[in-house]
Structures are given as C-alpha cells and as structure tokens.
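These notes concern the structure reproduced below.
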Amino acid sequence: MNFDLSDEQQVVKDLATRIFDDLATPERVRDVCADGGHDADLWQALADAGLLGLCLPETVGGVDLGSGMGMVELCLITEQQGRRVAPVPLACAVVAARCIANFLPAEAELLARFVAGESIITAALAEPGRNDPFTPGITATTVDGGLRLVGDKPAVAALSQATHVLVPARHEDANVVALVETSAEGVHIEALVTTNHESQGHLTIDTVIPAARIITDAAALDQLVWHTLVAHCAIQLGVAEGAVALAAEHVSTREQFNRPLSAFQAVSQRAADGYIMTEALRTTVLNASWQCDHGEDPRADTLAAAYWASEGTQQVVLGAQHLHGGLGADTDHPVHRQFLWGMQYASTLGNASTHLERLGRLIAHG
Amino acid sequence: MDITESPENVEFRAAARTWLLANATPRTESSVALPLDEHVAAAMAWQKTLQAHGWAGISWPEAFGGRGESSLRASIFNEEMSRFEQTLGPLTVAVGMVAPTLMAHGTPKQQQHLAAILRGDELWCQLFSEPGAGSDLAALATRAELDGDEWVVNGQKVWTSLGQFAQYGILLARTDPTVPKHKGITYFIVDMNDPGIEVRPLVQMTGHAHFNETFLTDVRIPVENVVGEVGNGWAITRTTLTAERSSIAGGGAGWSVEGLIELAREQGRADDPLVRQALARAHSRSEVMRVLNLRLRTAIANKRMPGREALIMKLAYARHWVSTTDSAMSLLGAQGMLAGSDAPHDESWHQAFLNQYAIRLGGGTDEVQQNIMGELGLGLPREPSTDRDIPWKDLPK
Amino acid sequence: MNFDLSDEQQVVKDLATRIFDDLATPERVRDVCADGGHDADLWQALADAGLLGLCLPETVGGVDLGSGMGMVELCLITEQQGRRVAPVPLACAVVAARCIANFLPAEAELLARFVAGESIITAALAEPGRNDPFTPGITATTVDGGLRLVGDKPAVAALSQATHVLVPARHEDANVVALVETSAEGVHIEALVTTNHESQGHLTIDTVIPAARIITDAAALDQLVWHTLVAHCAIQLGVAEGAVALAAEHVSTREQFNRPLSAFQAVSQRAADGYIMTEALRTTVLNASWQCDHGEDPRADTLAAAYWASEGTQQVVLGAQHLHGGLGADTDHPVHRQFLWGMQYASTLGNASTHLERLGRLIAHG
Amino acid sequence: MDITESPENVEFRAAARTWLLANATPRTESSVALPLDEHVAAAMAWQKTLQAHGWAGISWPEAFGGRGESSLRASIFNEEMSRFEQTLGPLTVAVGMVAPTLMAHGTPKQQQHLAAILRGDELWCQLFSEPGAGSDLAALATRAELDGDEWVVNGQKVWTSLGQFAQYGILLARTDPTVPKHKGITYFIVDMNDPGIEVRPLVQMTGHAHFNETFLTDVRIPVENVVGEVGNGWAITRTTLTAERSSIAGGGAGWSVEGLIELAREQGRADDPLVRQALARAHSRSEVMRVLNLRLRTAIANKRMPGREALIMKLAYARHWVSTTDSAMSLLGAQGMLAGSDAPHDESWHQAFLNQYAIRLGGGTDEVQQNIMGELGLGLPREPSTDRDIPWKDLPK
C-alpha cells in the first residue's frame, strides 16, 4: 500500500499543472468563455503534450493501457483543469474515447484523430429531471442496417465542437450506446448558455446508425457514466483547491481594522474549513479513481466521492466567494469562476441528494 | 398580545390586492429579466404609478406627502406587492435608506428631495464602501476639505449600486483626519452629475452591472449639503444602515416558498419525502420572518428602535435565500445549470441563486451582524481593537 | 396587532420567573433529579400562586377562560420552567386538565383538587417508533358499562406522581380518550430513567373505564397533542434561553490567551448564533401558542414552531455546552442540564424530521 | 500509488480476525456498560491477553518489545478490533500517547515503562489542562521548584481522565516563570501514589466519573523523571498531542456505520429515503476517514510527520460522531430518550450520543484544530497575540 503518487504520476501531474498554469490564465479563460466556451488552442496543446492519448492504447497513438495509465491519471489532469477553470471537454472526451477503444476497436482511425487533437468526441449523458443517466430518453428501434435513434438530450459537453458523440439509447429492454457523427443528417445541435460558460449543446436526433457503430454491451454505459462522474469529481477537487488558494491569498493580504482579515477567527476558520474539506475530498477522489482502474465495483466509492464533490465543493466555493466580499461576484476577479464551476458540476450527472440516494440504496440493502 | 390582523388591516390588505391585481403583473407569469436600464426605468415608473394611485409613502408622515399610516400597513402592502412582477428594488436606497435619514436628520431644504423620491423622480445611490473600507467602514479615506462655501472631495468608492443611473448619492467622507476614525466623518448629499464624478460599471457574475466603482476628483459640494453636523456622519450612518436592514426583508419571503412549492409540483416531486422536508424547512424559515416582522412593526408602533429584530430579519432572510435557491436548483437538476435564455423559468431561480452573495453582504456581512448581535443581545465585550482612540492620520495605512 | 405582552401577561411571566428563580435553584434541581425527578414543593408553590388554575374555568378554582388566559399564558410559564430546567409536569398536566374541563365537565371535583395541587393529572401521548400520537397503541373494546382498555405506553410524564392519566385508545375506527385512575386495578406503573432525569413512567393497562369517563370527541386528542407540543416548544425556548445566558456569562468571564473567550470570534459568533436562534424560536412559539388560542387550525404553526424548537434548541444547547469546554459535561455545572433537556424534548412527541414531514404534507398538498 | 491491500496484509487481517473471533466478543452482542473500575480492569486484562498472544505493540520497535511492523498493520488490527466488545480505550494515554513520547524523548530508564505498558501493567493519566489553561495550555500555572535532587510541585490540574485509577501521570509544570510562557515548561513523569496528590472525581452527564480534578501539594519528583530537557516541555508536548490526534480515530469508523445500518433495519426503516440519506452520509464520512488513514500510514511509512492528516482525521471523527449518534437518536425516536437500564441497546447509542463532547474536546477543541490547519495548510498569519514574548510572571493573571 502506498498512497503517494508514483514518479510517472507525478510527471503527469506536473505536466498538466504547467500547461494549465501557462495557458489557462484568467484573461484567456474570460475571453474563451465570452466566445463559445471552448479553448481550442489549449485543447491542441493538451494533444501535443500527449495528454489526450495518455489513457488510450498505443495502437491509436496513445500510451499503452498495459502501462497502467487510466482514471487515476486522467483525474490528476482534470484536477488541474478545475483549479484553473479551463473550458475544455477533457473529462467527457477522454472517457468517451476510452469507451470506443474498449468497445468499438474498429474505430482506431477516429481515435488516432482524437489523440492528435483533430477530432473531439463527446457523450450525451445528462438526463433532465431526476438525473438518472441509466434511463436514456432517446429510444432506438431496429431498422434495416442498424438502429434508428429518436429523441433529444439537453446539456451535452462541447457538442458544437465535437465531431462525434456517444449517445445512450433505450433499445427494447436494454441500453445501447451509439457512436453518432454530429454532422450526420437528422442530427440537430443547438448551443446552450450554461452557468459556468463552458460550451454545451442540446442534441436532437432522428437518424439511423449502422450496427457497426452500436455498442450493445451494458458495460459501456456503466463505464461512461461512472468514469465521467469520477473525472468530474476531480474537476471539482481542483475547483475547490483553486478557490481555497484565492481565498487564502485574499484574507492574508486584505486588511480591515488594521489587521489582515485572516486575523479574525470568523474569517480564518472558514478558510481553514475550506482547506479541510478540500483535503477530505482529495482523499475520496483518489480512492474512487483508483477503484475505477483496479476495483471490482467502483459504484459505492464513486458515489461517496461524488457526494463530497457536490456538497463539499459547493460549501468551499461559497465560502471562498463570501470571504472575498463584493469582489467575489465581480467578473473581473477570478474567484467568481470557481463559484460558477463548483455550482455547475454539483448538478451535473446528479447532485448531492441523488448521489446519497443511490449510495443509500447500495449500502442499506447490502 | 394580539397578532390577529385587525379588520381595518384585513380590509387594507384586500384593497391593496385588488388594486395590484388590476394594475400589476402576477409574479408567476414573469417575463424574461429586463436589461438593467429598463429595470431601473420600470421601477421609477412603478413608483410614479403608486404615487398617482395613493399607494406611495404609506407610513411616511403626511408632512412629507405620505399617508401617515403605520409601518405595519406599509409592510402589508409590500407583502402583497412581493407577489407581483413589479418591484421597487432599484429605489431601495432612495425610499428605504435616504428618505428615513433625511426625515430624521435633514434640513428643510434637504427634505425637499422627499417629494421627488415619492414621485419616483429621483434615483439615489450610496457612496459608503471603499476598496480599503468594507466591514471596517469607519476606516474610509475619501477626503473632504472645506474651500469657502464648498467641500472639495477626492477619493474612491466601490460597490455603488446603480451609481451609473443615479441622480444623487449619499456620501461619507473624512473631514477631520486628526481625530479617531469614527469621529472625523461627515455625511453629504452629492449630485452625481458633478463633472468630478466618474462611475465605472463592474459586471457581476449574474451578467448584470449592478455595482460600480466611483472615482471622485475635486468634486465640489455646497456646505448646505451636509446632513447633520460636520464630523457627526457616523451616527447618522447608523440610521441609514438600520433602515437598510429592515427594508431588506420588508416584503416577507412568502412568495419564495409559494414559488418553491409550485416548482416542486411542476416537477412532479411534491410527494417526495426529501422534497417535502425542504419545502417544510422553507415554510418554517419564512414563518419566522413573517412573525418577526410583526415584532418589528410592534416595536416601531411602540416607538422602540427595532435594532435586534432588523438584524435577525436580515440574517434570517440571507439564510433563507441561500437555502431556498439551493433547494430550487436541486429540484431543477441539470436544467438548473442552464443560463440566460436557455434557463427554465426565465432564469428567475438561476438569477436568484447567483444573487445570494448580494443578500449576504448587503447591509453588512453576516459576520458583522453576528458581532453586533453578540454585543447587543448578550453584552459580550467588544473584540479588542487597537484603533478606536488613535487619530485617523496616525493609523498605519 | 400588538406583539408585545399585555400587562396581565407580563404579570404572569414575572410571577413565574420569580417562582422558578427562587425555588428551582441548580442545587434543588440536582437533588430532585437524583430522587425521582419531580419537585413536589415547587408544584405546591405553583398551585399556591394560582398558576395551575390560570388557564382553567373559575368554577374549579381557576381563572375564567373568558378572561382569555390560555396557551399563550401557559407557554409564558413553561418557558420559565425550561429556563431553570425545573422538573415538574406542568405542560402535560395543565393541558390534560384543560381537556377535562372542556370535555368531561362532570369532573369538576378532580379539577378543583388539581388546581389546589392535591392531584396530578397526566396524559399518555408518546408512541414508540415513528412517534405518531394519533395512532394509539392501546385498544379499547366495548364491554358492559364502558370500554376495556388494553395495551401499554412508554414514557408518560410524572406517571408515578399522577393520580389520573388521560389515555388515548383506538376504539373501532376512531380514537377515544379515557380518564384513568392510576390506582385502579389493572393499571401498572413502572418508573423509567430518562435523559433529563424528569419523572416518567411506563404504563401497562388492562382495565374497564366507565362510559362517563370516556371522551369520544376527536377534538380532545387533537387538543391534547397540539397543545402539549406547543407547551413543550415553550419549555425548549426557555432551555435555549438559559443555555445562551450561561454561555454568555462563561465566555465573558473565562480568559484564555489573556483575553476573555468572547474576544475570539469563533467563540463570540457561536454565542451570537445561539442568541439569534433563540429569538427566532421565541417568535414562532409565541405565534403557535396564539394560534392555539385564537386560530382556526394551529397545526402548521405548531409544527413550524416544533421544528425550530427541536432543531434550533439542539443547536443552541450543543453550542452552549461546547463553549463551556470540559465544564459543559460536568454534572457540577448547570449547563449540562440545558443540554440534557434540549435533547430530551427534541425527541418528545416527534423530532425535527417528523415535524418537517408532517408540515411538508400539510403545505405541499395545499 | 497503490491502495490495494497487499496479499501479506490481507493475510494479516484475516489472521487478526480469526484470532479475535476466537478470543473476543463481537460488538453487536454488547452487554450492559460496565462500571468504570471494571471497564479499566477489563482493558488492562485485554492488553495482557494481546501481549500474551503476540498482538500487542504491532508497530512498536522490537527493541521495545514490539513486533516492529508497519503502522498500517497496527491500524488494520485496530480496525478489526473495533468490531469487538473489547477495547483499549482506558489505555489511550499509556499506549497512544506516553509510549510514543517516551520512545522519542525518554531516557533508557524511563523507557523501562514501555515493557510494563505493553504488558497492561500500567495505567497512565495526563496532567496537562488546568482550570485556567485549556485551549491556552501554555498558560499553565502549576509550579515546580528544584530542591536538591527533586522537583517540588504545587498546583491544580483538571480533566484528568481516569486519574483515580492511574499509577503514573505525565505532568506539565512551570519550572521557569521568568521566561515567556512557552519556554518555561517542563515535562515530568509523576507517580500518582505520591502522598501529595489528591484526585477528586468529577461526574459527567453520562453518569460516569471519567474525569477528575487533581490537586498537587508539595509533590516530590526525582530529577531523573524529567522527560527531555528542563524548559523544553512544550516541544515534547507536541509529540504527545499529535500521537493523541492520530490515535483518536485509529480504529476507523466503519463499525459505527454498520451499527447505524443495523439499527435502521431493526427499526424497519432501511427503505425510508430520509434514513437512506443519513446512512449514505455516514458511510461517506467513514470512507473519508478510512482512506485518510491510508494517507496517514503512507506518510508514516515514508518518514513524514502526518500532521495535517491527523488533524483532519480528528476533526472528521468528531463530526462523524456527532452526526452519526444524532441519526441514531432520530431512528430511536422517543425510546432514545430513555436512559440507564431502560435505554434500548443497553444504552450504547445513548452513551455515545452524550459522549460527543469528549470527542470534540479531546486532543484540542475543533476550533484549535482549525486554527492550526489555517496556519499549517494555508499559511494564514497567526492571530495577533500579546503574550508570546513577555515573561510568564509579568502576564496579567
């Protein structure tokens, strides 16, 4: 047992830290968010640094899965993304690409383009209302040559930028996942405005997908959902870290009553609370990402992490914003983005209450 | 003790509701949020309508053009009005803070503003906070120096709500740096059209520029625009801030609970035990505010300063706002994360959720309120402070 | 509208304050709680001062109901009881006596004895498990001359001291309330140890009650439950008040790091929180007691008050205890009793969660 | 990173469980809580049994009679043991605090106590807090004056856990009042049978006298009983307190979640959505502690001081305790308010609920932990203090 990062993991983390620190500056993030919410330059830089292919097979230009790069490593990267609130669809896209690598090995060419940064793949997971991604609202019916998918999905990450989208659909009594080209006839995309200003789109679909692009293995949707959720938890961890760092700097430097704000316990204890919550969250996120790579059933661990990520990150970003006073809501100050991101991801693929409900069902019934 | 609504007030409430139904738009049919300039114009027009129909200044003395009725009646009207789209929000500084301050401390000439405020002709802003003086408001550094019949003001203010639209401002400036910080402050009325005033809007994460930075360069204020005595600004500020706190929760919170219940029904979740707990909590919180408001109005009617009640109301309102918008976002699920024209309910819950910071900070942070309550309610000794008795100019800056 | 107490109400409050301050000293409370948990001397003093009959008809030695003394006044008294954590069964007994006065007017002699302090009446309301007092566990069957009651009830206030107990029972499809003599054959009483050391007993019953002592009006149980609950809320208000006062005194006088504890915001803000919560609670308790006397349906107001009383008082007493450090749990320091009382009443006749559940059902369904 | 349990540790855990099943009583069959003296005797007997069967001092160096294995193994054993009735609770000071302190700072002669502690022959208590020195421990006023080969100690201590049963104590006393408060403190071993020591039990609201007041009158301590250097007691205290914090949550919290789930099933409420949320919250909290413990053991294995991890564990454990016992009381409803022999589950939830204060205060209050975390984790400046550089004797008392 060793909870410390391996040397290779530390290299990944350092590399990601450097790229996001260099490229996702507050000014750049502001400009990108005002203009579509997807940072194409940053995306290409991530591709050039090899980070998009890190968790994919060598055959498609990725690092061999055999070397053990997986969700732990992806989470180290998305944590840094969250810390700098960088608008790129990393979590969704890398998890989707891994799903294709696993279940549609014939799509090697697409994956090669993905690894090179030329093709963005996303997945349509969010469901309105009770947030259950395992009961897709899109239905599939058997037709000549494949399945006809009909329905719509709100809030798909980077849909306007994506060349492909994985679409879960209900087919008879089972769920399938279809690989859909966003440029295909019958695929309609509408860009959405979101709380954190990342690119998202509303997908409306009525098209036929050939059988070769349909995954019928139920494990595919499981992997998509749980792994995306874990990668989101890591984003939230980073968001919380960034918020706490900004708050600590603010309260250490801003003076009132002739002393730094941090000399008032009402302030310092709230900042310390944020730090404690963030460290607790780090613990569960690392554990959940490890279980995704190595465990038998990552559900309980992922839900525990997702609960802390939702509930804890909201508390942390709210506290950090509050400690900034009026500055905390000012779009000229970066801390407001930590707030918006914390809130956005706290309601993506479920929220604190739905995570608890699912976890409660798992553990109460043994 | 008698907390039944008197037959006269029941009748007053019914009359208010009847008039509002005929002249205002129910809140549930809310249209897309207006751009800020239109929002301000609408509020001023609405105040004009209220005045024209005799619903303005309900609790203002008749001498100032009001109806001279109880503050309870004014709050009954506000409660009814809170269920409609129309709002006087942008006039909070003018109606809720400047008016009570001028009534108590203004010269007859200054009190002439009251009629204009009542008519909806004047929008006011508050020039109190500075980049270096927020919770520690008395540390403010904006200087005013006497030059003949005029004070010449230089400095910078921040969080000036709607400063870009206001005709007048209430301004705190330091007129004597040689005395301790609370003692050298003077309270001014300033004309926002003075060429020395530059207002720079700050965009908040709601997408609106509600707040501004205000730069004052050789702004000249006639001596007759001093409110109260020179150097006595801190005491007058207290009147303004207490008025602010009581006005924050003035309309009650019943509308927000009704909205939440409506949302739960609409999402088909009114029978979900978890949702029901959230609804019941919201109702309980709103009940505290409703009844606390009765206590507050009783204090005013019996000529007591409703200091504690106003502080508790303000804190309770902030907590209610945070918790209720949080419940709404939870009910909306993933949809709640859509913004702008993509947001459900015309973005109203979304905007309310993002605006929570303003409720927590307005009228002093929650922490400041709690400090005051500790002193006022429990007689706890003040925190040791090193700067209360030192001339302001000698404090480290 | 006038939220201030009337002159008469102020007199009642002052009288109660004086009696409890004089007689329910920490030393006396300690001794009584170590010996059965009922202060007979204090009970007699309350009777002698006229406080037991305050809300009863003049015909039985009480103050005329017409004068308007009711639940508001009872709550002013039980608030003072809670402030001094005085072990007497005021809430239950006075509400039970008012119920008898309303529904069994023939029992005037019993009421006269009650007013004089000679006879204690209690009511068996608490139900184990989900805490629903409207589904009594005792069943009644029709027999010659009356009803035969069979069953048991845990946690009846002052059962060992009471001469009479009102027992709700299920009879066919309705609830009835029976007036039972505790000395009757078939009535078995077992004293219980409780968290706050007030006298409580377990009632086991198998006896026949004559028809004249059976209340069939469903309003009786309603009144018993809702009024007792409101009187308990007032006890909790007093408990919270007492806790906050003790905490304020402690933190103002105890010094650490050469200043009073209250000079640390982590301390002063928590004490202030307690004060704020207590004042919010006062507001809802006064309102609920008023609605019991004057409103059409006191349920929603009572449940809102009961929620704050449970949740709020627990927070307040926990905070007050915490601010006392180790002293807070020491039986030589009075603050531990505020803690024990706060916890006891937070789970009596429901708890925060069950109050919310009932209130939620009322308001969500309109 | 590798958080899988190694095959060797899996085997170790299985062996521990097998041995415990054969030699201990599962926690769910708990009998009525023992009187305190029997509880102490049982713990000492259990330590003796562990020692006899080779399960004591798992992570202690072999030189001190231990097994010289990893601290992770010790915590695996504690996790397994937490599911049984047997507890080493009363030996926390001896095993968890005195032993690590003496290993790090004791003289060879002082370290002879280690063998006796391992055998369960010695119960120790901690004489740190005073009526005037709690969170501000360094303000302690108990004086020790050198008289030949002995220190003569006078003063009063409080919250001495199990002081009425202990043979030895670790004592902080002021040996030099002329230097600032942190610098004049010395750390002693004291024989609790010294005639100058009077221990007066304090009864807590649990009904037990876990804590005591201790009066020291001309207590004579040989100079060889000074731990570390004279005047260096504050630094050594830190070793003791960090050890205390890591030992508080040492056995994990899994047993409490299992107990809560069991209780929910028993009350027929495992399907209630509200209850399920509470169970899931408890599980999530306990998971944080389980994994945090892996981080803590990794730090120890890699020779880093697990300061932050221990602080967070301690805070998390306190919050878990409060919240979990609260959920249990809520599940028990009115029955939860019965005490003593009338309480359900042999009073175990009731006692745990009432004991929450001890978890919150032990090893420093939550607030103290948060202050340290603010400094340690965020580099926040310390609160201004007026007394760090003034000789202790000159401080206002």
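Going by the order they are written in, the chains are A, B, C and D; count residues from 1 in each one.
Convention: a contact is a pair of C-beta atoms (placed from the backbone, for glycine too) under 8 Å apart; a residue touches a chain by one contact, two chains touch by 3 or more.
What you see is a predicted model, and the numbers here were worked out from it, not measured in a lab.
Asker: For the pairs B-C and C-D, output the one whose chains share more C-beta pairs in contact.
Answerer: Between the two chain pairs, B-C has more contacting C-beta pairs.
Asker: Would you kindly say which chain has the C-alpha centre located farthest from the C-alpha centre of chain C?
Answerer: A
Asker: Could you tell me the distance, in whole angstrom, between the mean C-alpha positions of chain A and chain D?
Answerer: The separation of the two C-alpha centroids amounts to 41 Å.
Asker: Please output the residue numbers of chain D that touch at least 2 other chains, ranges allowed.
Answerer: Within chain D, the residues that touch at least two other chains are 273-274, 277, 367, 370-371.
Asker: Using the touch rule from the top of the page, what residues of chain C touch 2 or more other chains?
Answerer: Counting only residues that touch two or more other chains, chain C contributes 264-267, 269, 353, 357.
Asker: Show me the residue ranges of chain A that touch chain C in the complex, using the header's touch definition.
Answerer: Of all residues in chain A, those touching chain C are 264-267, 269.
Asker: For the complex, which residues does chain D have touching chain A?
Answerer: It comes out as residues 1-6, 9, 72, 257, 261, 264-265, 270-271, 273, 275-277, 279-281, 283-284, 287-288, 291-292, 294-295, 297-298, 301-302, 308, 312, 315-316, 367, 370-371, 373-374, 377-381, 383-384.
Asker: Could you list, by residue number, the parts of chain A that touch chain B in their complex?
Answerer: Counting only chain A, the residues touching chain B are 126-131, 154-155, 192-197, 202, 255-258, 264, 266-267, 318, 321-322, 325-326, 328-332, 336, 339-340, 343-344, 347-349, 351-354, 357.
Asker: Going by the contact rule set out above, which residues of chain B touch chain A in the complex?
Answerer: Touching chain A: residues 129, 132-136, 139, 158-159, 202-206, 211, 267, 274, 322, 329-330, 332-343, 350, 353-354, 357-358, 360-361, 365-367, 370-371, 385-387, 395-396 of chain B.
Asker: Across the complex, what residues on chain D touch chain B?
Answerer: Touching chain B from chain D are residues 272-274, 277.
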